Structures are given as structure tokens and as C-alpha cells.
Amino acid sequence: MNRREFVKSASATAVVTGTGVAAPAVFSSAQAQARNETLLIVSESGPNNLDIHGVGTNVPGYEASWNTYDRLITHEMTEKDGVRYYDRDKLKGELAEDMNIGDMSVTFKLKKNATFQDGTPVTAKDVKWSLDRAVSVGGFPTFQMKAGSLEKPEQFVVVDDHTVRVDFIRKDRLTIPDLAVIVPCVINSGLVQKNATEKDPWGLEYTKQNTAGSGAYRVTKWTPGTEVVFERFDDWKGGPLPKIKRVIWRMVPSAGNRRALLERGDADISYDLPNKDFVELKQAGKLNITSVPYSNGVQYIGMNVKNPPFDNLKVRQAIAYAIPYQKIMDAALFGLAKPMFGAPADAQTQVAWPQPTKFVTDLAKAKQLLAEAGYPNGLETTLSFDLGFAGVNEPLCVLLQENLAQIGIKTTINKIPGANWRTELTKKVLPLFTNVFSGWLDYPEYFFFWCYHGNNSIFNTMSYQSAAMDAFIDAARASAANGDKAAYDANVKGMVDLAFADVPRIPLYQPYVNVAMQKNITGYEYWFHRRLDYRAFQKG
Amino acid sequence: MTLATADTPAPRGLAATLAHARYVISDNPVTGIAFGMFLVLVVCALLGPFIVPYDPLASDTAAALQAPSAAHWFGTDNLGRDIFSRVIVATRLDMAIAVFSVALVFAAGGIAGIASGFFGGWTDRIIGRISDTIMAFPLFVLAMGIVAALGNTVTNIVIATAIINFPLYVRVARSEAAIRRQAGFVQAARLTGNSEWRILLTTILPNIMPIMMVQMSLTMGYAILNAAGLSFIGLGVRPPTPEWGIMVAEGAAYIVSGEWWIALFPGLALMFAVFCFNLLGDGLRDIVDPQRRT
Amino acid sequence: MLKLIGSRLATAVPSLIGVVIVTFMLTRVLPGDTAAYFAGPAATAESIAEIRTKLGLDKPLPAQFVDYVSALAKGDLGSSLSTGQPVAAEISARLPASAELTLAGLVLALAIAVPFGIMAAVKQGSWVDHACRLITTAGVSLPVFFTGLLLVYVFYFKLGWAPAPLGRLDVFFSAPETVTGFYLIDSLIARDFETFRAALAQLAVPAITLAIFALAPIARMTRASMLSVLSSEFVRTARAAGLTDTTVIITYAFRNAMLPVVTTLGMVFSFLLGANVLVEKVFAWPGIGSYAVEALITSDYAPVQGFVLAMAILYVVLNLLIDIAYGIIDPRARSEA
Amino acid sequence: MHGIVDVTAQAAKTSEAPSGPLLEVRDLTVEFATRRGVVTAVSQVNLTLAKGETLGIVGESGSGKSVTSYTVMRILDRAGRIAEGSITFSGIDVAHAPESAMRDLRGREMSMIFQNPRAALNPIRTVGRQIGDVLLQHVQADARNVKEKVIDILKQVRIARPEERYHAYPFELSGGMCQRIVIALALACRPQLMIADEPTTGLDVTTQKAVMDLVTELTRERGMSTLLITHDLGLAAAYCDTVMVMEKGRVVETAPAERIFRDPQHPYTRKLMRATPRPGITLKDLLPEEPDVPPAPAENPLPLAGEGRVGAGASTMATVSGAGAVPLLKVENLLKEYPRQGAPSAFLSGLFGKKAPPEERIFRAVDGISFEVKKGESVGLVGESGCGKSTTSTIVMRLIDPTAGKITFDGEDISAIPAKDFAHHPLRGRIQMVFQDPTESLNPRYTAERAIADPLLRMGGMSGGAKLRARVAELAEMVGLPQNLLERFPHQLSGGQKARIGIARAIALDPDLVILDEPTAALDVSVQAVVLNLLEELKQRLGMSYLFVSHDLHVVGLLCDRVIVMRQGRIVEEGSSQQVLDAPKDAYTRELIAAIPHPPV
């Protein structure tokens, strides 16, 4: 590339761009045909790791792992108000062709013809290695496995080349469903061990950038922060061969541009637009918009119950009465959420989660509670939120800030960048904040195990320690395990009542998962992990 | 061409500058407009909170996202707050950011520049290297680094803006001081027993003040733009304080969906201010530029 | 000329060292805690501490600095947490994207601002002068991201002239085989004119956004230096010798006036590099700016340090080019060095 | 480019022009739109210039002489316009000619040379190309033979090694050489009229003579007519056929050169004649004679109107102490060296290992000179530019340090104290200086009063108030500065008034030695006469001694008792001003004196 050419092209740029805007790229016929076999997804941020067991893998990373790896079993599909919805209780084989649940173990028979994307057959050895890896790498994957009482490599036994047995250490209703979440995926142990080092025995560095699974798609190109390209694995045996041959997932930081791309038909799917856009696009009718409530998910106002002022119950109750619930529903969510407040005074507690509290906006009561709590002239604190979801969090906090000011609580808003949000939560020092949590396994005791239990997991952001609450949760899990429905119902109601009485966190609403798709896109499925499942989509 | 001055008794002191300023304004209408705009900004900054129809912080979700109407001249934002009131009240904060960051960078960069131009030698080399180092950073990224590191309070935004403009001021001050270093009146000041530092501050500084004023007015524009840029990536002023940059940044998401007024009016206000400062800069240069002072 | 390059490099070394020190300090002050991030969400206190020692973050700062510089010497810029890639690879992939955008913006700005500056100076005080000043000032009065979004809204969303703001190339075009990393040049080398047109279409609107933002400083400097040159004595001699207006204005006045403009180009380029960070965010441009912003916000050390070093080197190279250009235009500079 | 016109044919064309005068200006009035309304720069000017004739326009700054010449060429700046009157140049009505026609005339039929030559040339374009541009523009040459034609012209203006100099840039040539290039540019297309606007001001007197001889020789050889604009009467007398004197935009007198000097009619002309320094006169003779005006001229109401100096050297009032007393100032083999401009700095050359020979690296501005100044005596330091006189004066002023040598002032060795610390030294107040350019030596931000008060505030132990104001008023009165001018800023004062403020500031601390660095070079000759007399009177009254630095031998001769002539850093001659002026021993001094043109009085 000599100087003359560089200068020539640079001046060419100046000349062409100078003379009006260049015409848009013309599609040749080959590209047109490729176009309806390719799905173009646009979102704000992309994966930072392709391996669910990776250290610090973010939520978009879950989507990549779900579509490129298989699990032993997966959920059947059912229908819920017009949307294909994963069936919580019915499971079917994905890599396993047969599942046999014994008293203290479950045995899986693997499909004979299933192969990894590099052609090597899937064997029980791979399954064992993958499950051992899940429980040993630490961090979130290990914690998730523990939630289903899958804790020790010894539990996973290779019976023969195509049979694996999982022994239970305790009866736990969540064990089987826990084998269907994203974490226990089956990895091509041969390929990964070849690229592992003694410093990194599980080959986390290799699987960070390369997919080594048997899933329906493989990642052919990944430019972090810009683009991920998936190609279909034609010999996929986990289910019917997907229609979409290629998936291009582009990161477009500006929400405005994402909406423009959808409206002009240059993008097929986007799921992280502001709520207002979803409502308007739905009314305009040019696109298919689906809105499905987060399964087992709640947006809440959390308070640090360990140190003052929020260790005082009355102060927490004052906050609960000061929240401008309806204003938040209108201005922050534009109605796209299920309210978790304002239940009628005489409402019975349900055996379900999430369910609404009885709190309403009542500034006078809030002021009086605050006075009783010993803060007649109010107090000063910070209100933090996750900048990654500023679209909802910012208006929510500004409205809350305004109401709290009216009862004398002066707050300064503290924006915390997305990636640091979890780090701040683990420190458990934020006095007042808003956050969302939803459990993958749609069971109340699962939610409470993560969020209210005394073992103080990361998701117990309020550091709430209550022996009574722990008793309820453990009892509920035990009764669920041995199918004692009456005890289970009583314990769940006890948990919920105590949670609403102590109110360490104040539920606001159950958010919706909104997805906008072009008219010619069909086959959207709602999953517990709330990410897109490319395998079911059809186009054109 | 000293023909005119010798005979007609020239007005003295302040009257002279005023007469001269009046002449330049009438001679060059654009500068006149700039002064007018500056007055409007100052009035909004001082009286802002008292003359606005609504409380800039009061949200009214029922009236959210309304187009400009008789009730709300600039319409309302996503929380139903009156955009007209927020734009007017934001003037004070934005002007503060502009004025303080410019004052800070003039004190630091200006003096350092004069010292390096006047003394030369090692002072010049050290200050030169410092400003080179700052120049090596892409200016905006450095500002972000400072605000990210120290937290996004207004003072940090002012400090960050000052630091990134430091090299510019050093360069201007240095060249002006270097020219005057050997001037006759500087030598004369040395003869009458003035120490180097006294000469620097009482002789060199006043003489380069005009040129620095031109530079300061230009940088005020950039200071506000910088604050707006920081807001766009989430490091700007903390909500709910009204500030043009953050209002434009938030409004930007609503352009495509049709609520153009949320971003447009703070954008126009921002444009009005930066426009005024730039034109003011050119106007000041005409007043100050000796060639124009025939 | 060699002496000129020698002396320029000699002055560049201390500022490079300065940059290394400042970036090191800056990243150590960033609020985020890498070890906690590394340990993942469910980490316990001691696992964070264990990872902290593994990363060497518990050593005293000077020791950390020595590790950092020795790693730097070996060319290892560490790897980014947020993207998990080695920083050196990321920067070499992303730098051409930003450079192409910024250079296109700069060339465009020059192509518009310089003639504006000349016209404004030649017809000082006339309506042309005021019009030039108003237009260029209007360009710089709007924050660059707002101009970008406005242009996308008008040219892409409403009129459909511009292609989708989806980064450097339309989804259905493959990037030309990298020679310089500049899509325009690489596609020309590969004689693949369709990709060239597509890349150019994608580059148009972001480049225009940047150019609009850079018009004012260049136009103002050109006007000021043209004014002073036009009132100098050798222009009067040229006029007295009967040379035509174009010769006087272009070959005599303009070439002299270009000297100060060339020197400010360094500052304008650095100014543009900063503004380009915002343009990249608006146009989903896979440049180095947006990469650095992400890393900075999540206080991810390695990319920030790598980015700033790349920029520092780019700045030194740029200044060298400007000095050489200065030497070519002005013989006095050649002999003095 | 249409057919190539042979140069000789071109010359033939001009000769058939109508026989009348080449240039005729009738009742010309030019006005400028300035900030304080319309100003008439030139009114009712009439002049005629026959072919081959040389007309000199003489006048002080602001007399409108340059404006007239610019109007003839129609290169006034935007603010100027011809209010009335007509200009005809070889039959063409220049006043109303369209710009395109004027552009053809300029450079081909009439051309101009300007004051400081180096600035008049494009700094970044070779001189050869600049001359080539003019030739190509007026179709005197085409791309092929332009270089050869340019070299031929360079030969005509006596430039050595023209092939080599063709590629040179202006900054690589000396002042005199640049002026030759400007002349070459002007004469390239063999124009009929050459206008020279102060062509030699700022050049050394020897170069000035060479340039003027060249111009007259070339113009005579080609039968061209010349318009010489100058403020130097001597120059006009020596080189012009007729002389026209202008004052404040009006023509006061026009006459053949020898008659105007022998018998000047108009009083202003006479005043100019008297004020021009020339050999064999006294300071008093410079002042305009006072036919019936009371003895003390209005301009400087000095009570002690001491009558003229009796002969050179001993002045009656001065308290010149005997030869035996300790000299006020003693300078012993003073040396000042600078690294030669462009030589690689020691650091770099050390780096590359090659050491340039010493002479090449070092430039000796002052090469070991010694002299003395006795109390009350005024000594002149004379020499052309670059001879080291200014460097010497700045060293004596202790503004810069010498490389070697000793300076004793009133018995105390002041060269030992470094320059930057000398500001606080008690002796500081006793050595003061008056600077060359009055405008540049006054702080634009200070009023006249503040400027004079500055030394008193710093060293005079005065802190302000009535005492200070009284002292300033007294000083102003001593230098003849009207009280009401004290609040004015420098840009509101005339050259003469600014010079007086400079002097008042210098004598504020009652110094023993005042160094005058070309104090009147930037002033008009009439103002110079007044200032020189003022300096003489102040010396008498306050018993100071002067070190007068100048390039003008006559001016030094008038004011100083002894004269030292310097050349390339060395003293070539020293003696009483009478003896040096009338019977110079050194050949260089003789050449200097001969080169100064002076009116045949």
C-alpha cells in the first residue's frame, strides 16, 4: 500500500462523501436468498464469554451457551396466553433418550447417534467430565448446581459408554429441574482437555472463545462488543433441525438506532428496547411484540437491614408507604409489568410467588411511621441503581427520590455501571437500592432460598438473617421433596407473610420480557432464562 | 497613520474602552448579537429559578411526554417535568461549569504558559513535557478517566475540563510571552529594579490578557459540550439536577419514537450558549486585535 | 530532516514515559475492584483475596508498576476482563476502524473548512465572512452525539438515503482481506468495488458527523492566518507586480497561511479522537474509542492502559508527520532543525 | 499562453507613447474611512513626471507621500478611495481604469519597490521563481525560457553567482541582496515608471549607496522615469532631478533639486533643511531659526536657554573633571560570543561525535574592546548594523552578561554581578537607558504618568501620593511634556511625545550614566532636532554622562565629545568628534562618511 494509493483513496473518500450521501448497498440475488435463512438480532450489549462455566460470564453469555451446548434433558413446550412457554413440570430428553428416576438416583441413557460439532461421538465420559466441571469451577455455576443438591463429583457415575447415573445426597425436588438449566451442559471433554493447561485444568481459557459442544449452533465469528455469528450444526440430534441456517447478533449501543433498524426492517429481533418503544410499536402494529412476565421474577427496593437506619422496621415500613407505585408503573414501565403492590386488605396469602403486598402510597402514614421510628426530621442516604438498566431504573429512582423528599428523606442518586453492579452487591454495603431478581426454577422456595435465606448468598442483597424465615424455607424444601403438600403450603404462606411483615425488601412489580420481531419471524419460545432460543425460529 | 490621534483629544481610560467597544459592536453586527445572547444567558443564570412557570424537579406522570403546548412551551419529558423550566434553570449550572473550568485552566495553564515562555530553559521544557503528556491522551477519554476515577460530581467535571484544556492555554500563553520577553518596556522594567516575577505578573500578564480572553470565551463553549458528552455515556451530572447535556443525552433515545422536543430544546439551548461564546470569542479578538485598532 | 525527526523523537520519549505513569496511576484509582469481579458473583471474601494475590494486586504499587512496565516491554498488554480477549489483539483489530473514521472526518473537515476560511478572510467583513463563521460555529455548537443521532434520524430513518447505522459494513458484506485495516483501502487493493461502495456508505454519515464538529477550529485558524498573511508586505509586492488574484491568494498567501493550520492539526486530531468515542457509540462503530469507554466505565485496567498507549504512539507519529509536512512547506524549518 | 512576444518588440512599443508627460496628477484628493470618520490623507496634489525624469517626494511621516504613490499604482487598501482629481499615465486615465486594465499596467508599465526588502519577498518561495512569476504573468517569457531570462535579470542587478542564487530563499540572503531581488522583480518587464517607496530606509549607509547607485544607473540606462519617496532630504538631493516637499497631505513646494536646497522658499522646507544633520553645524542650527519669535521656542520652555556650545569637546556648563580623576565608566577588553545560528548545538554534535571547528561554531559579537567614559562626558559609539555596538551597550547596562572582560563603574566592578541579580543592586538606579523605538519601549497598559513613576516607585523610595505626583510633574516639565498628556496611553501620543516620556523615565533616578540606544532613529527629522537639543540641555543641567549608540555619524558628531567607530566587534577608530568627522584616520571611517548623502548646503 504505497503512499500514492493511500492519498488517492483518501481523496476519493473526501470526493464521494463530499458530493451528497452514497446510495445504500444494493443486494445481489445471492445475498437476498441468504437473507431469509439468516436471523439478525440487535441488542445493547453482547457476551463477554461463550462458556456458562466461565469466570464472570454475563447474561448475554447465557444465550450463547444455551444455543451452542446441549443438556441431558430439557423442558417440553406448552402454551400460555398465546405464547409458546416452557413447561415447568414436563421434561424430555435432549442428549438423553431415556431417564429413569430411582429412590436416591436418576439414570440417563444417551442417544447413540449424538455427536459433538467436531464429529466425535457424545459419551458418558463427556457427561461426567462436564458435570464434574460444573460443580468444581466455583462461582455462579457451582452455586446454581448446589441449589439442586448437585454438589460432589462422586454423585456422577459412568455406568457404560452411553449410561450415566446421578446419585442424590438428599431428597430434593429441585434436582431434576436443576439438570435442565443452562449450567449442566455437556462439553466435548476430549477437545477441551487437549487445549487445557496445568494452570487451567478445566480449559476455561479455550472454552471462553471457542464453542466445544453438541448444540444446534456453533459460533463461527465473535468480535467482543460488536458481533457474534452462529452457524447451524446440521448433524444436531438434540431435536428437530432448526430452520435458521445463520444467526448474526449485532451490538448497537443506541436504543434509538435499534428501534430505527426494526422499523425500517433492517433488523429481525430486538429485546432490550425501552418499554415506551414496545408499547408504541405494539400500537403501530408493524411488528410482532410479545410481553411475557418474568417467571419467578420481582423488581424490588432493597434496604441493608444490618446497619442503621434501615435496621429499624418502622423506617422500612415508612419507605414502603412512601413509594409512588402507580407513578412508577405509568412513567417508568408504561404499564408493561404486573403490579406487586396494593392487594386488598383482606386478600388471602397465595401458595405462589411472586404475589402482591398490601402496601399503597400513603405519605401521611409514611411520615408518621418515620417519626415513630425516631427520625422526626427525616434522614439522608444514597439511592443506587444499575446503570445497565437505566431505562427503567433512572425514572423509577427519580420518582422515588421525589416522594422520599416529601417525607424528609433526602437521597442522592448513585449510578453504578452494569459490570460493577454485581461487585457492589457482593459487598452488601448499599443502604438503599433497586434491583431485580428472578430464579430459573419457578418454585417459591427456590426464590426464597436465594433471596431471604440466612446463608447470605449474593442475591440476599439485604443481608437479611432470620432464623424463623430459614426454618420456613428449609421446611418447605423438605416437604416439597417428600411430596407433603399440606406442610409445603403452610410453610410457603409462612415465608411470604414473614417476608411482607419484616419487609427487608419491598416488591414493586413483576417485569415483562418484551421481544420485538418482524412480522415474518415466528417460533418465539419463552424460557426460564428469558433469552432467545434460536432453534425454534422460522423466517419468511 | 497617527494622523487622527495627534489632534483630536482622545477620550481617556474607561470611556475610551467603552467607545471602542461600542464602535466594534456597531461595526460588526455579529459581535453585537453575541453580546446580546450573552446578556440573555446571564439573566437566565441569575434569575432562572425565580422566573420559571413550573418547579423543574416536580414530576407529573399524568402529563408525561406531552408535545409543546400553551401550558408547557417546550413540552414535558418522560416524567412529566416541564422542559422549559428545566432548560432555563439548567443555565445556571452549565454557565457555572463553563466559567469555573475556564477560570481554573486560565490560572493554571495561563500562568504556566507565561512562565515557560518568559523564563524558557528548564521551566519551558518541564511544562512542555507535561502539556505533551496531557495532549497524548485523546482529550475526551482523559476527561472520562478523571470523572470515572474521582466520581461524577460537578467539581470533578470542572477539574476534568480544565485539565484537558491545559495544553491549549499553555501554548497560547507561551507564544505571547515569548514574543514580549525582549520587548523594550520589559527591558525598561528590568532597568528600574523589577524582579523577573514582578515583571511577569505586572507587565507581561496584563498585556496578554486580551488574547487570553479570546481563548477563554472559546473554551467556555467546549466546557459545556464536554459536560454533555460525559452525560451521554452516563458520567455526567447526577439526576435529577437539570443540565442541558444530560437532558439532550436522555432525550436522544426519544427522537426515533417521535418525542423530538425532549432532546431538541436543551440541544438548542446548548447550541445558543456555545454559539454565543464562539461569536463572543471572535468579537473579543476584533476588539483586542491591534491591527483592527487602526 | 533527520535531525528534525531525531529531536522530535527525543522530546517524545519523556511524554511517552509520562503517559505510562499517568495511565498506571489513573487505572489504580478507578473505583472498581478487579479481584472481586474476577471472583464472580458468589465469591467469598477469601476467594477474592486469593485471586487478588494471583493477579498480583496486593503487592505495593511500585512493585506492580515494575511488573506492568516489564510486561509492557515484552509487548504483553494483558487481557481485558469484559471481553476476555488479549488487549493487544483487540487494539490491532479496532485501531484501524477508529483511525479510518477519524481520518475521513478530518479530511472532510479540511476539504470544507479550509476553503471556508479562505473565503472568509479574502472577503473579510462581508456577508460571506459572517456566513462562514455562523455555519462553522453552528457545527461545533451541538454535542457530537446529538448531531449523529439527528443525522441518523433524518438520513437513515426518515429519508433512507444512508445505510443502517450498524458499524463498518453491512451485515451481508464480508470485510475485505486486511492489508492496512482500512476497509476503503483494502477493498480498493482487492479491486472489490461493491464492498468499497458499501464501506463508503457506512462511513459517510459518521464521518460527516465528525467533520461538522471539526469545522470550527480549522476554519477559524485558516481565517486568522489568512488575514495576517494577506496584510503582509510580500502580498502587497505581489499585487504591485500585477499578479492575478488567484496567484496572489493561492500560491502566495494560502501556502504561507497553511503553516499555523498544519500545526493545529495535531490538536484537532486529538480533539477528534475524543469526539469519535461518542460517534462510535451512536453508530455502533467497532472502534477503539467505544472499547476504551466500556473498559473505563467497568474500571477494567488492561484495555484502558493499552488504549492510551496506542493513542500516545499515534499522537507522536502524528506530530512527526506534521513536522515533516511543516518542513516540506517552509524551507526555514528545514535549515533551523 | 498565446504566441510568445519577443522582449525587444515589447520595448519598442513603449517608445511610440504620446510625447506628453509620462505621468500627470491633477488636484488628487484621497480619503480613508477610519474609526473616527473620514480622514483626508492627501488633498489637491499636483505633479507631472516626464519620461526619464526622477522626481523626489520628501515629507515626514503622515505627510501623505506614500499614499500618493499607492494611489498612482491603485493599490490602496479597502478603506481608501480617490475623492477627486485625476491621474493619467501615458494617456490612460488610471483613476477610473477597470481593475483588469490596472493589473496589466502594474508590473509591466509601472512597478514599485518597498521599504524593508526581506519582508517584501515571499519567505517560502525561491527568489528565482518569484521573478519568474512576474515574467510569466506579463507574457515576457514562457515555461521553457523563464529560468534563463530570470538569470539574465539577476546579472543586470549585479547579483554574484546568479545560477546558484536562483534557487535561494529570501531568508538566506542579506538585506542589500534582497533589495536587489526586489529591484529585479520591479524591472523584469522593463516598465516605463519605477516608484521607490523609502527603498533604503533601514539599510546600512554603505549598502544604501550601492542600492541607490544601482537604481539610478538602471533607470537612466533604460530611459525610465522614477518617483523616489523618502524622508531623507540628503537622499532626495543626491539622486533626484526635481524635489516635491509635502506636509500633512499638501504639497508645499516643488522645484529643481539644486534650487530647492540653495534657496528654499516655503518655511516648512527651510525648517526641514535646517533639521537635517549635516557636517559643520551645531545642535542649535538644527532648530528652526526664530525670526521674531521670543527666544524660548514654545515647544520646550527651558529657562536656561544656554547658548550654543562653543566648539566641540569642552562644553561650558558640563563639570568635566580633569583627565586625572577616576573615569566614571571603564571597559577593559570586553568579549561576547554567541553559538553561530544554525550550528548544531553542542549536545547534538557531541552525540554524533563530529566536533565542528571552534570559529565555525562561535560568533564573536564583541571582540575584546576597551574604552572609558569620564564624568559629564558624552561618548558616541558608531558603526553599521552587526558591528556589536548594541550588544556592548546592553552589556554595560548589565542586561546581559559578557563572556569575558571587566567593567568598572565609579570604581566598582559591576561585571562580576550576574545580570539577573543586578536589578536589586544599589548601582542599578545610577545607570539608565533610553530605547530606540519609543512605541515599543512604553508599556501599552500604563499611562504616561505611570510609566515615568515606575522607577520612582521601585527604586526612588517613593510610595505614591503628592510627593510622587510632584516629582513626575517636575520631570515632565524638564523634558517639555505638557501636563495634560500625562493621563494618555502610548497609542494616543505622537512619536516625539513618547520619546520624551522615555527620557523622563530614564532621568527619574538622577542617574550618572545614561545609555542612549539610537534614541532618535525612529523619529522624524524635525522631531529629532528637538529631542537632540533636549538631551544636550539635560546633560548640561544634571551633569550626566552619555554613551550614545548610533549608526548616523552626523547625529553623533553633533551631540558627543568623543566618538568611537566600531566594525565587526572591534574598535577601528577613536577620537574627538571634530577630529574623527573632519580628518578620519581609518579607511573604513572615511568610507562611512563619504557614503552619507547630504544636501549641497
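So that you can tell them apart, the chains are marked A, B, C and D in the order they are listed, and the count of residues begins at 1 in each.
Here is the rule we go by: a contact is a pair of C-beta atoms (placed from the backbone, for glycine too) under 8 Å apart; a residue touches a chain by one contact, two chains touch by 3 or more.
Small disclaimer: the values here were computed from a predicted structure and weren't measured.
Highest inter-chain contact count (C-beta pairs) belongs to A-C. Averaging C-alpha coordinates per chain places the centre of chain A 87 Å away from that of chain D.
With centres taken as mean Cα positions, chain B sits 46 Å from chain A.
Inter-chain centre distance (chain B to chain D, centres taken as mean C-alpha positions): 45 Å.
Centre-to-centre spacing of chain B and chain C amounts to 23 Å, using the average Cα coordinate of each chain. For chain B, the set of residues touching two or more other chains reads 234, 252, 255-256. Taken residue by residue, chain A touches two or more other chains at 254, 256-257, 260, 263, 387, 417, whereas all remaining positions touch fewer.
Among the residues of chain C, those touching two or more other chains are numbered 31, 149, 153, 157, 281, 297, 299. In this structure, the chains touch in the following pairs: A-B, A-C, B-C, B-D, C-D. Note for the complex: chain B touches chain D at residues 1-6, 8, 10, 12-13, 16, 20, 23, 27, 183-185, 187-196, 203, 206-207, 293-294.
Listing the residues of chain A that touch chain B in their complex gives 254-257, 259-260, 263, 274, 276-277, 280, 326-327, 330-331, 387, 390-391, 394-395, 397-399, 401-402, 412-415, 417.
Chain B contributes residues 28-30, 128-130, 132-133, 135-146, 148-151, 164, 167-168, 221, 225, 228-229, 232-235, 245, 248-249, 252, 255-256, 263, 267, 270-275, 278-279, 282, 285, 291 to its touches with chain C in the complex.
Those residues of chain C that touch chain A in the complex are listed here as 31-33, 36-43, 47, 80-85, 90, 93, 103-104, 107-108, 111-112, 149, 152-153, 155-157, 160-167, 170-173, 179-180, 182, 184-185, 188-189, 194, 197-198, 200-201, 203-205, 207-208, 281-284, 286, 290-291, 294, 297-300.
Chain B contributes residues 57-59, 61-62, 64-65, 78-80, 152, 234, 238-240, 250, 252-258 to its touches with chain A in the complex.
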